[in-house]
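These are the structures, in structure tokens.
Two complexes come next, and they have one chain in common, chain A, joined by chain B in the first and chain C in the second.
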Partner chain A sequence: MKKLRTLVLFSLLALTTVLCACTDDKAKNTDSITIGIAQDIDESLDPHKMVAAGTKEIFFNVFEGLVKPDSDGNIVPAVAQSVEVSEDKLSYTFKLRDGIKFHDGKAVTIEDLEYSINKFAGRSGSEPVSSAFSNITEVNVVSNDTIEIKLEKPDSAFLSYLASVEAAIIPKNNADPDNVCIGTGPYKYVSRTPLQNVVFEKFDDYWGEGGNIKNVTFKICTNPDTIAMELEGGTLDMCIHLTKGQKNELANSDFKIYEGTMNLVQALYLNHDFEPFKDIYVRKAMNYVVSSEEVMDFVSDGYGTKIGTSIYPNFGKYYDETLSSVYDYDLEAAKECMAQSAYPDGFNMTITVPSNYDQHVDTAQVLKNELAQIGINAEIQKVDWDTWISDVYLGRKYESTVIGVDAANLSANALLSRFTSDASDNFTNYSNLSYDEAYKAAVDSFTDEDATANYKKCASILNSDAANVYIQDLPDFVALNKAFEGYTFYPLYVMDLTKIKAVK
Partner chain B sequence: MNKYKLNAQKITGIAIVSLMIIFILAGFLNRNSFDTMNKELILKGPSLLHPFGCDEFGRDILKRTQTGMGISIAVSFFSVCIGTFFGTVIGALCGYFGGIIDDILMSIIDVLFAIPSLLLALVFVSLFGSGMVQVTLALGIAIIPSFSKMMRSEFRKQRELEYVKMAKLLNISTARILFVHILPNVMETFVNCVFIAFNNCILAEAGLSFLGIGVQPPLASLGTLLSDAGGYIRSAFYMVSFPAVMLILLLLGIGLISSGESFHHAYSKRFKN
Partner chain C sequence: MGKYIIKKLILLIITLLITSFVIFLIFELVPGDPAVDKLGTRATPEAVEALRVKWGLDKPFILRYFQFVTSVFTLDFGVSYTYGISVSNLLKEKMVINLFLSVMSLMIVVVVSFPLGVYVAKHTGGLIDKIMIPLNQTAMSIPSFVLGLLITFLFGMVFKLFRPGGYVSYKADFGGFLYFLIFPAVALAIPKIAMCIRLLRGNILEEADKDYSLTAYARGNNTTGLLYRHVLKNAVMPTITFIGMIAADMICSGIVIEQVFSIPGLGQMLISSISTRDFPVVEAEVLMIALFIMVISFITDVIHAILDPRVRI
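After this line comes the complex of A and B, so read on.
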């Protein structure tokens, strides 16, 4: 009798477990979407302190600057309704959008604008988020809905700096922006659980055409191997930046794969403080011996776009295609360069890679093999993402690293400013006088043509000086459940949630 | 030491482990290299030339499994050595002397016990960086608490026995009593502990490497082989199944050797004699 009871209880238990699994599919709830991301967001929720590309990528939906980029790369008004630029290009007048509200329901006032601009431009004592903002000389409140920014020198790319998460408008009365997250974007931040998830919710009072999906959960999936299974198992509806392996596994499933480029400059970044990398012949040899095509074949099934400098193709007018073939694979040239260098017999080096990015780890393995051909013995060291940020990016304690560098905004500065000798984000410690000059000339240029020409010069200096071993702009695969549609790639490293909607 | 009678379980265990060792040694005859990439062979299934197939870089999985298993065993072996040495010494001192030393050391060990060994290893690795040496040390330290606990209780039991008291009366040095007189009498527990620790180490190393903090690519261990292959489990099953089968066999073999004679069993037999 007792046995029977146990048996009945046990089968009931088993049955409930089994039946629990039979719910989803038919009643796929399109009110909410779960999106997989590879790493946790930054510690601070203050947009002016955000560092990681992956954080800014999703907070693009929460924060807006005076202006913002659209999916074609144009700059459109956001918190400002309109902008007027003076003849001499030294004064920008912004008109505050009527009736625009913060996520806490309060109206955006001109004081908030003044406060935010002073904060991100480093005028209230803090570091400017970008050195470009030190160009601001005055921030004048003209009237209740108009604010004027005056520049020291004309800067043709000034508006594109303002169109980034780093230049977001946040409320003045928020005493703790590190932990309380209030913006003006189409989605508002709800909560986060470290290393688990980040939750957004649609902001109903958004000034423009807001999102279509009410609840958005970003699930942090640091283990790349489980992502395909999670997608098919239904715990994820969407995942960005899939690897080729994950993409291939999803080929015959319920997911639509969107294909674009990641808008990153993937390279073997060299720390110029590391003795061997001070030698230009070594750097050239490394550039010659590394074959981008081979990396693409192994790492991304042959997809990807070869690059030769810190500009990726979506940057249009700044991109010079010829640079990408300067260092085509040439073993003889590489050996010759090595022979001329101070290290004819090669040397040992370490490649530090963040372990959560499969693409970069795989790339490092291919690079190791390629570099071995000219006697360079590369050791790979995998580190977790936080260590990478603190030791490599901020601490600059590394020899070389494989990573993709993104652009915070659509100006060439976003990619090129970090290579000037005294840039705070110059994690490669690159220092080259002629580069600094060319960069300064570009920033000071009065006309757009001049600026473009000078930026191109910067890019070609990085190439001819073999500053880093440039590899590719990675292909980007996004898997989206067929219950949704509309994922749109931007020429920047951002994900726009408002474009995603449920299939009727 | 003819007390150790071989039974069927032990024989099977020894057979499996010897096969595994032969398998690893055969790796030296394998002409393929564990890190040579080949575009033509990407994700190619098993063939005569590559019996285990090839991975996503076209590397021979057989050779990688052989190398990886060697690494796994080496890491586990050295960490067991570290753990066993310190564990035995601490356990012996605590168990034999008792008193205040015992109280202090055992409180520390109890605290260490509260932390899971994998977590302990993780903390160690995050403090001293990742790499094979660090992982070996970390695993070694992680073994110490359980080992010293076991040895302590054994030594405690032994110190009350007549032969130890006699030895003391004969004025034999304490070190000699501890390691020459008592240790051989606790051999069964000792050996079982070593084998269990070895098993745990192989699993923990696989776990740590799975998390990306064990051996660094392109070098492989059983753990990294499995974690690398995880993403291809449905498109290229052989990538994960062959290393997995080898890992299971290895653990089974070691497990069989150590479980062949249970503690209780051994004791009751001795009393019968």
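After this line comes the complex of A and C, so read on.
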């Protein structure tokens, strides 16, 4: 009797489990999408105060500047319908787009433009979002749909500054931009819950083509080990910036993997105040002995794009492909350079690397082995991100570090300005007179051709001087549920939701 | 009894003071600047300095510690650097999550392990006992987070009883919230259940061998009567201490389990606030956890004292 009871109970339990397993998922609801992001957004919702790359990346969909970048890296009109640049390149005239509305339904007025420009350029008492905006001398309202910005000196990259999220147009009458989020983009901000999610909704009155999916939820997934499971389990429909491991876990699943690049310059950055790195032969030897291919094989299954200077391929006209093969792996050349240097027997050095970035830690490991071939004994020191910022980036108390440097906008000086001798963000302490001259010539150039030629010269100096050991532009993987399609990579660190649509 | 409680309370406050000082000191010593973290690498030094002044980070260490201690007594932990909202508000929600998780898990432990422990002790050498011993060993040696992954895989991916990482806020759907928490609670409970059963079984067998049990038999008690009326009362004492320890440990193990199940609780908050050097949040949180553990051990002590008058001396 007792045994029978147990048997019945057990079979009931088994039955429930099996039945539960049978309830299949309903057909995928393509009105909503849940996207995994690795970190929470900034505290302030004021675009002019946004700092974290991950915040600006998604708010690209909420805020727009007078102009904005497209997926090919061109600057296209946004809040402004058209732009006219004067002959002397000192005056930019913007015409306000007809009928454009803010997310609260109010029309965008010329006063909003004037207010926003003055705010992000630091002309109304606040800090300018970028030092480049201190070049603005006047902001004049010409008529009720035209505004003019005057510059002190020509800057060929001026429009690309205006195309960033930090230069967004926001309404003048919004008293609390930190907490009330109103923009003109294709998606409007709905809500946020710290460490849980951020919710966007499609903006129906958008001036352009707009989005295809109504509700977008960004789920904050701080634990990288569970992301693949959450994707497969159906909690997430999409996840950006996957690692090699996560990508491989999803190999046989309902997800399409999009491959692009991270738009970073990953290198072993050298502190030029460290005695051995003052010797150009040492730097050249290190460049010869480091094989980008080996790093890519080890770190990302061979994905990635080899680079030879501080410009990555998506920078189009500034990118010179030939530079990437100057220091192809050549052990003999490396040994020769070492013999000519002041350190023929090698030396000891430390690679400081932020421990939260697996790809940089792995890269450092490969570099350590490669450098050992020419007698350089590298020791890896892992530090947490905040320590890296304060000791390496700001304090410049390090010998070498592996990191990826990104660009704030699509102008070449976003990547090149930091190597001028007196740049405040020159964390490598690089100093080279001919570089400074070439850079100054580029900034002062009157025509775009001149500027481009000079920027390219800068890039080639960094290469010939072996300023750092340049490695690659890291690969970037995005997983998207097969119910959706259309994810598009940008040459900048932004995610465009409007490109994603349901598969019919 | 009153004196005993007062003595314990004073000890508790002293421990809290020491804990808070250690936390404060540690964060004074680690490198990294919350202002820089907040403003990013492109911020001007003036802006960073201004923020440091705003947060009072320019003041000397002792002064800041003193302010922190006084603020604790008013239950005002300041404003989070990262989120700009008051720390108490931020932690309130997280506390609810972890409280439910711990209580649910503890309930599972008690409900499952007590009857099983008594049953196994009563039928020593029986089939169930023979199965339970190796099963117990296995359950004890698997860490909670591995169990968490197994449970996620089995019940989340294979049987689809829940969606991995599909946590629902208790504000949105309380039933769904409780349902989701069952799985991490089970993952937390299983190793503890194994330990509890083993402890209870051992204690019962030990007590059953004592002289008073023999006397009780002699007086005509049968095994069941002896077990429930005499042995259990004595055997359960160490288990209660153990349950108290488990309760304290639940908060800490919960931090790991949260990661596995992507629950936005205290643990995730703690980890993210440490990495952004969000001092007010970290300090408040560590202090809360310390307080929680101490309060539980205090309650266990008091229960003990009530059950066993010898402890009070």
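As a convention for this text, the second predicted complex is superposed on the first by the 332 of 504 C-alpha atoms of A that agree within 3 Å, B and C clash if a C-alpha of one lies under 4 Å from a C-alpha of the other, contacts with A are read in each partner's own complex, and residues count from 1 in each chain.
Basically, a residue touches a chain if its C-beta (ideal position, glycine included) is under 8 Å from a C-beta of that chain, and two chains touch if they have at least 3 such contacts.
It should be emphasised that the depicted structure is a prediction, and the values quoted were computed from it without experimental measurement.
Engineer: Considering only touches as defined above, state whether A:366 meets chain B (first), chain C (second), both or neither.
Structural biologist: Only chain B; A:366 stays clear of chain C.
Engineer: Once the shared chain is lined up, is A:245 touching chain B (first), chain C (second), both, or neither of them?
Structural biologist: First partner only.
Engineer: Look at A:224 in the shared chain and tell me whether it touches chain B only, chain C only, both, or neither; answer first, second, both or neither.
Structural biologist: In the superposed model, A:224 contacts chain B only, not chain C.
Engineer: Touching A:298, do we find chain B (first), chain C (second), both, or neither?
Structural biologist: Touch status of A:298: first partner only.
Engineer: Check whether chain B or chain C contacts more residues of chain A in the superposed model.
Structural biologist: Here the partner covering more residues of chain A is C.
Engineer: Considering only touches as defined above, state whether A:426 meets chain B (first), chain C (second), both or neither.
Structural biologist: neither
Engineer: Counting only touches as set out at the top, which of chain B and chain C does A:193 meet: first, second, both, neither?
Structural biologist: A:193 sits against chain C, while chain B stays out of touch.
Engineer: Is A:40 contacted by the first partner chain B, the second partner chain C, both or neither?
Structural biologist: The answer is second: A:40 touches chain C but not chain B.
Engineer: Once the structures are superposed on A, label A:384 by its partner contacts, choosing first (chain B), second (chain C), both or neither.
Structural biologist: both
Engineer: Which chain A residues contact chain B in one complex and chain C in the other?
Structural biologist: 225-226, 383-384, 387
Engineer: Using the touch rule from the top, collect the residues of chain A that touch chain B in their complex.
Structural biologist: 224-226, 228, 243, 245-246, 248-249, 294, 297-298, 355, 358, 361-362, 364-366, 368-369, 379-384, 387
Engineer: Write out the stretch or stretches of chain C touching chain A in their complex.
Structural biologist: 30-34, 36-44, 47, 82-85, 90, 152-153, 156-161, 163-167, 169, 259-262, 264, 268-269, 271-272, 275-277
Engineer: Can you list the residues on chain B that touch chain A in the complex?
Structural biologist: 35-37, 39, 42, 56-57, 126, 130-131, 212-213, 216-218, 227, 230-235
Engineer: Show which residues of chain A lie in contact with chain C when the two form their complex.
Structural biologist: 17, 20-21, 23, 25, 39-40, 43-44, 51-52, 127, 130, 178, 193-196, 219-223, 225-226, 229-230, 232-236, 356, 383-387, 389-391, 393-394, 408, 425
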